Structures are given as C-alpha cells and as structure tokens.
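Each structure below appears as structure tokens.
Look at the two complexes coming up: subunit A is in both, with subunit B in one and subunit C in the other.
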Partner chain A sequence: MSAREHFAEHRRFYIGISSVIVLVLAWELILTYIFPVNPFFFTKPSLIATAFKEQIQGAKLWHDLAVSSQAFIWGFSFAVIVGIPVGLVMGWRRRVEYSLDPFLTALYASPLVALAPLFIIVFGVGVLGKAALVFLLAVFPFVFNTFAGVKSTDSLLINVIHSFGGGEKDLYVKVILPSTLPYIIAGARLAIGRGLVGIIVGEFYAASEGIGFAISQAGDTYRLPEMFVGIIILSLIAVALTELMRKLELTIAPWRAGEEVR
Partner chain B sequence: MNTRKFFAEHESFILGTGFIVLLLAAWQSIPLWYTLPKGMALFFTTPSKIALAFYELLLDGTIEKHFYVSAIAFLAGLGLSIIVGLPLGLIMGRSRTLEDLLDPYITAANATPRIVFLPLLILWFGIGIWSKILIVFAGAVFPLLINTYMGVKNVNRVLVNVVRSFGANEWQLMKIVVLPNSVPYIIAGLRLAIGRAILGVVVGEFFGSSQGLGYMIASAATNYKVDVVFVGVTIFMALSVILTLAVKQLESRLASWRPETAKTF
Partner chain C sequence: MTLFIQAQNLTLCFRPKNREPVTALTDLSLAVARGEFVRIVGPSGCGKSTFLNIVLGLIRQDSGTLELNGTPITGPSQERAMVFQEFGLLPWRTVAANVELGLELKGTPAAERAKRTAELIKLVGLNGFESHYPHELSGGMKQRVGLARALATEPEVLLMDEPFAALDAQTRDLLQMELLQIWEHTKKTVLFENHSIEEAAYLSDRVIVMTARPGRTKDVLQIDLPRPRDYEMRLTPEFNEIKLRIWEVLKDELSSRSYT
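This part shows the complex of A and B:
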C-alpha cells in the first residue's frame, strides 16, 4: 500500500526514468543485433559511454568547457549590467519607454545571430567576439522582463513611499526592485538559452577551442560518439541552469507558479 | 498650442520613430566627423551604402534567388513542426501517461539550444535543403508542442465535466472544449516558433551551404562586404518583426483577458 502511494506521488519521475532506460536499451540492442551500426553514420549508447569516460578523464573537454564558459560569463554579466538598468528606466519613465520600445522590440524579435559572422570577423575568434554575441542575444530578455516587472508594480506601494516622503532612490530600492526580481529571474532563464545559442553559433562559425567547436569538429571528422558526448554535456548544463532559475523563481515568487512563460 | 496637442496625442509614435531616425542619422554621419583608422574602415558601412547595396542586389536578382531558397526551408520546417507539434501537444495534454513518458526528452530538448544538432543533421542529411528543413523543425516544434500542451492543461475542468456529463466522447470533447480553449496558447506558441524557425534558417545556411540568405550573409562577411551582411540582416529583421508582430496582434485580440507578461520572442 505504501509502496503504491509512493509510486503515485513520484509517478512522473518513475515513468520518465523508465522511459529513458527503455529507449537507451532499445537503441543499444537494435543497433547491436538487428541493424549493425555503421560507425561513420550512427552510434550506440555503449560507444557513447566509452567516449564519455575518456573525455571526462582527459583534459581537452574541461579546457573546452572553460573556454566557452569564460565567454558566456562575460557576455551574460554585461547583459545583466546593461539590461536591468535600461529596463528599470524604461518602465519608470514614460518618454524613455516610448523612445526605446519600438527599436528594442524590433531587435528582440530579430534573429540577431545573423550578425555572428560579422562579429567574429570584427572582434576575432577569441573571447571578445563570442562574449559580444552572447551579450547581444541575452540583453533583451533582461530589458523586457525588468520593464514588465516595473510596469506590474503595485501602485499602492508606490503611493505609500510617496506619502511617507520617500525619494526616487527609496522607490527604486524598496519597491520597484523587489517586485521586479521574479521577472528578472524569468528573464535570466530565457537569456541563458539565447546566450548558449550565441556561444554555439560563434564556435561553430570560427573557433579553435570551446565546446561548440568540439562538437562541430567531431562531426566533421565522423567521430560520432564524441559529438554525442558534447551534445549531452551541453544539454545537461542547459537543463541544470534552466532548472536552477525555475527553482529560484519559485522560491522568491511562489505565487507565480502557474504562469509559465517559455 | 495646436502642435503641442498633436505631440501629446502622438507622443509614443513620434518618440519611437524619432529615436530610430536619430540613430540612423547618427550612424550615417559618423564618417563626417571622425575618420576611421584604415583597419576599422574595412568593417564599417553606413545606412546609405546598405540601401544602395540592397537596391543593386535586388536588381540583379541575387536577393530573389537566395530568398526563395530560405523561404522554402522556413515554410517546410515550420509546416512540419505544426503537423507534428500540434497533435502531439493535444494528446500529451489529455494523456497523463504519454505526458510522463515524453517529459524528460521534451524538458531536455527545450532547454538545450537545438542548434547543437546542426553538425549531426548535416552529417545525416547532407548539406542540401533537408538539413535546413530539419533544423528549422527542431527549433520550431518545441514551442508549439509545449504551448499547445499548456493550453490543453489549462482548460477549465468544469467545462470538461459538463461536456462529459452530456455524454461526449474524447473526440467531441476535443472539438467542443479543448481545442477552442487552447487556441490563444497555440497562437502564442506559433509566434515563438516563427522566431526559432528563422533562427534555424539563418544558422542552418551559415554552414555547409551554397544558397540562401544565411549563406549570403556568411559569404559576404568572409569577403568583408559589410554592406551586404547588413542587407541580409535587415531582410531577416524585417521578416521576423513583421511575422511575429502580426501573430502578436492576433494573439492579443484572441486573449485580451490574459494578464500582461513580459515580451518573449
């Protein structure tokens, strides 16, 4: 009875796990016994696992990850530093909103990765080019989510600050920023995805190191297991970061649990 | 007094376009007050040069040729993602077992930028149109699927029970309650999907390609033809802005009751 209750409670987890296990087993068995795998064209879990072990013990993977994360962190930090203040001012000053909104919306809605070749050629294949690309892609979620957060601030709270003689600074620090925080974190979640696109495209396009480069190089040289290792690691990082943001969002703003914006 | 009133009424439009015009003018005037060093001048262009390059490329048919290829990849990929994403989202919303079974893959695939699959797709399907169609599909299918699924999940339980009580079967339930209630979500998903699809077209054509607007941008960048790069970027910008804002318009008409949230593309 209790085992049954336990299952009912964690149903999603158990079914999900078994679905993954079954898929991996089927993949392995089918490619071992039914269609023997052509290693230049496809691969199977056991080969990926071997490659995974080798990669984790080697130094190259860690080096690639370090290179990519360095560019990501620079670009992302600048996106935070620039995006949040711009969003705050846009939300609070009507004329700033009117001036910036059409321009920034157009940029947000456009595939700015199209500028990747230009960025790489102008800023070089090093950290700077990729960081600039990450910044360009990640800044807009911060701007627009901060903006929406400020817009949704309870006007009652603003009046309270005014009534008690609070200044502009009190307003920002005590009311606007706290009520905007959940929006900013939701923005960070979107920005992570977009920033990763920037890193990957930048490294696909031209690089000599980095996780995106490792994936594309493994593809070019038909080393499929290594390519899958790269994809899986990137996927794990992306899921971990996204879930972290989701948890953070739920911790500081539990009332927003239902409103999924993806 | 009258101009003041006019300004007050159209303030948002005047400030919005004014800012863009001002930026373009500032950009155009950079060479007038500052001579760029030789290395920088190579990467520099002005709006007037971009407009000229656009006009020339339009006249000799280059844009038309590349646009046609990109449009096919975009439409085929997006169409495929609608054909797959919509029904799957509907079924996942109605069946808890299927939802639990597919959840790990969908969560992982949604968090991962699908662009990483490009080398794999090129390896499997070659550098022709299919790898582009499939990368567009991979990008666009998840927002559609997830939004459809969210729409089905958020259908009012009372309505479902009413229709059930009157003896509707699953198919009728879908048609009468679930589908109409999910439409605003589906449209929102479509808007996101369009953005991802265009991203897929651009990046898909950057690598191992000889046609398409993405190829035009990449090859122009390698040859330092910065104005041509901006022609390509401008076309993509215009297309995404027009398409997403059109869908956004439809969305706000269909779901004016939904609380305002941050813009996402």
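This part shows the complex of A and C:
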C-alpha cells in the first residue's frame, strides 16, 4: 500500500489529528508572541504539559481519580440495573408507562444538578452522595432509550414469535431485548456524559478529594495548568468510555454494522 | 375429498380508535382438502391477509367458524406456519439461528434442531450461508430463510402471505418453481395469497377469488393442468385460457373498488 493510499484510507484520523495539532500550536504561539498574558490569569499548552508530567508522576492525581471512579462506577452501575428494566417494562406495559410518565418527564426535563445540595445532605459528602447524584443523572437516558427501543420493536417480529407459539418471556428474550440493545448503548453514551457531570458537580459542591475537587481547588488557587490537567483527563476518560461503547455495540450487535450509514 | 380446513361465514370488523370501523371480511366460506395448494386472489385490501392471520391464530373472527381437521382454531399452533411478505427475520440472528427459531420455541433439543436446520438450509439452497446475517442476504435469499423457518417445525399447513411480492420478477419466478418442487416433495397444505393471476394459475390446484372489501369468496376455480408444471407450460393455450377465466371473475372486483 502506497503512502497515498494509506492516507486516503485513514483520512478521518489524519485530518482530525492535524486540526488538534494546529489548534494547540496556535494557542501556544499566540500566547507566547502575540498576547503574552500573565500566566497567573491564563495558561498555554507548554505549561499544561509540564504540569501534566508532574501530576501523573505524583500520587495525588491517581488518588483523586480512584475516589471519583468509585462513585462513578457505583452510580452508573445502579443506573444500568434500574434504568434498563424500568424502560423495558414501561415500553411493554401501557399501564406502567402511563403511571411513570409524569415523574420521568418532569425529572428528565429539569436541571437535576439543582438537587445536588439535597443529595449531599441526605447521603453525605462521601462516595454515597456522589454515587447517588451520578445515578440520578445517568438513569434517565437508560430508561428513556430502553423505552424508545421497546416502542420501536418491529411488530412483525412480535407476530412471528406469537405465530410460533412463543410466550411473553420469548418475546422479551428473543425480540425485544436484542432489538432494544442498540438504543440502550446509545443511552449509555448519553449517560456517561451526564454521570461525569454528576461527579464533578458533587465534588465542586462538597468534597475533600476527587478529580472534581482537584479541578475546583486548582482553579480557586489560580493554578491554571493543574486545572487544565484535570479537565483534559476528564475529557480523555469521556472519549475513551464513549469509544468503548461504540466497540461494545459492534461486538454485541454485529448486525448493526451492516445497517449503519456513515 | 376430505375437508381439512373449513371456514364458514367468517366475519371480522376492525374497530380502530377514533376512526370508522372497517369490515374486513363478511361471510367468508371456503374449504380446503389436505395436501391441496390453494391460491387466494383478490384486489389488494380485500381481507386476504386478515383471513390468513385468522387461520394462523393471530387474530380472532367476530363470528363464523374456522376448523382445522375438525378442531376449531383458537390461537397459534405449530401445526400452522406463515411465510411473511416482509420476511420477518430476526436481524440479530444468523441464517441458521433464524431457521431454528420455531424449533427453539417448541423446545426441541439442540442436537435435533441443528440436524433439522441443516436439512432445511440444504432444501432451500442456502448451504454456505448458515452464519450470514439477514442484512448480508438478497431479498430472494431472505425469503428462502423465511420458507425454511416455516417448514422447520413441520407444520401441516403452510400459509403464505404474498411471500414473493417484495422480490424482483426473475427471483420470484425462480422461487415459485422451487416452492412447487418443495410442495410436491413435502405435500403440505398450502394457502397462498397474492394478486398475480399468472402465479395463481401456475401454482395451484384451485384458485379462490375474493371480492373487494369486505372480503367474501366470489368464485372457486379448479385448475386441471397436469403436474409437475414447468415454465414452458405457461406458454400453452390451456394455461392462457385459465388465466382468462380468473381474470373474468376478478375484473369486476377491481373496477368496483370503492376506495383508493
């Protein structure tokens, strides 16, 4: 394969990476030569890079990440465990849909982070409070996407199962769940973003450790490079988790590969 | 002729919410013998599909009786299987897993399922495609899977709801011929509905012509062409005469359609 063919095939990657490099260089050069701002008020990539190196060699960053991850994993796991079954039953049982709909719609539409103080009061400043906040934010994408997936299940396939004498359990296992899976994964992508917001807000509001706390503390004390390190690490985690979901979708729903239009 | 499927005065009215009720069938009566290949032709929307769904057991008639081998049909059963117009394959299952579906729901042991599935995949000519997903198949191949799936549970009655309507003309011809061979080989009772006169005359022992909605039996025509029938037979004057007879019965219904 010639270099040109190689480039053509991975065009998306190369163009994407170039635009990131251009932006970082421009940021660095502008702040160094055109507007040399006091590093106390704004920072530039070279300083962030130095801070990054220091941080990943130290123990505090890893401790903060471990603390935040713990809350995230608990909250997110419960969102999966509660959200998917609720969405499934809501989609299939009209009475459940009608009775839950008003609460869910109201809660989904409201800025739930406003409940952060309440959660911290009820569940405390530790892992539990943050996990509860993550759960609250992440559960709705699971409920609503699962619900939408069930609703969009092809009625022909339901007839197929019925026509072979299949019961309700067969419907769930053989049709509704697999046809809803891609929706659930799309919901998971949304839930990841919202869950990370939950962590950060929880730690901004009341915490003594964690990545959100580290960001807010660095900001409060004008250590901008350190603050950016936290932000960059958060976005890397978000991107990695989202990408993981995409891979997961291709693994558990290989039939979608042929249907997806780019 | 011993009666196998007997429908008497079937009537069904759909009552959708906030809309006018639609009478799909009125006093539909027909009888089919065991092993017969019967075509039901009629203008589109005449209630043919509704009738097949009643035979399948997915919907119940408002009044009238429907019996299979002397027993009333009250719900789905593996003695009846449908080949659906839009295939109805599960996209997350491979060809083999789709063919197995009915056997799985019946509780057939895995080893026996695999054996039966392999036989059927061979019967419909899909060897080598066992682990393909439906989206990797052409329309004709998808319907071969649909047919294999319906035959897998060894139903006594095969219901075909315009199964080849979504396919191009050549694929349709090919599948019609193969279906005929499979039928001659398995001797299932087949209820096949469509609106092609040509196909009706070619494949059936009898053609039941239905009226425009609400559907009733308008006429029953015996097709006394020799079997096995081949493609060349379609060029004979006898074949054309039969087509003309079906057309004569059907044409008033097509012009009296009261809807668009």
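The rule is simple: the second predicted complex is superposed on the first by the 228 of 262 C-alpha atoms of A that agree within 3 Å, B and C clash if a C-alpha of one lies under 4 Å from a C-alpha of the other, contacts with A are read in each partner's own complex, and residues count from 1 in each chain.
What we mean here is this: a contact is a pair of C-beta atoms (placed from the backbone, for glycine too) under 8 Å apart; a residue touches a chain by one contact, two chains touch by 3 or more.
No experiment lies behind these values; they were computed from the predicted model shown.
**Q** Counting only touches as set out at the top, which of subunit B and subunit C does A:Ile81 meet: first, second, both, neither?
**A** After superposition on chain A, A:Ile81 lies in contact with neither partner.
**Q** Go through the superposed model and pick first if A:Phe144 touches only subunit B, second if only subunit C, both, or neither.
**A** After superposition on chain A, A:Phe144 lies in contact with subunit B alone.
**Q** Looking at subunit A, does subunit B or subunit C touch a larger number of its residues?
**A** Of subunit B and subunit C, B contacts more residues of subunit A.
**Q** Let me test your reading of the model: by the given contact rule, A:Val175 touches which partner, first (subunit B), second (subunit C), both or neither?
**A** A:Val175 contacts subunit C only, not subunit B.
**Q** Does the superposition put A:Ala26 against subunit B (first), subunit C (second), both, or neither?
**A** Neither: A:Ala26 stays clear of subunit B and subunit C.
**Q** If I apply the document's touch criterion, which positions on subunit A are contacted by subunit B in one structure and by subunit C in the other?
**A** In subunit A, residues 259 are touched by subunit B and also by subunit C.
**Q** Considering the complex alone, what residue numbers of subunit C touch subunit A?
**A** 56-58, 76-78, 80-82, 84, 86, 88, 90-92, 101-102, 104-106, 133-136, 153
**Q** Would you mind writing out the residues of subunit B in touch with subunit A in their complex?
**A** Subunit B reaches subunit A through residues 11-12, 15-20, 23, 43, 97, 100-105, 107-113, 115-120, 122-124, 143, 146-147, 150, 192, 195, 198-199, 202-203, 206-207, 214, 217-218, 221-222, 224, 226, 229, 232-233, 236-237, 240-241, 244-245, 259-265.
**Q** Under the touch definition given earlier, write down the residues of subunit A that touch subunit B in their complex.
**A** 11-12, 15-17, 19-20, 41, 95, 98-103, 105-111, 113-118, 120-122, 140-141, 144-145, 147-149, 151-152, 183, 186-187, 190, 193, 196-197, 200-201, 204-205, 212, 215-216, 218-220, 222, 224, 227, 230-231, 234-235, 238-239, 241-243, 259-262
**Q** In the complex, go through subunit A and note every residue touching subunit C.
**A** Touching subunit C from subunit A are residues 156-157, 159-166, 170, 174-175, 178-179, 181, 253-255, 258-259.
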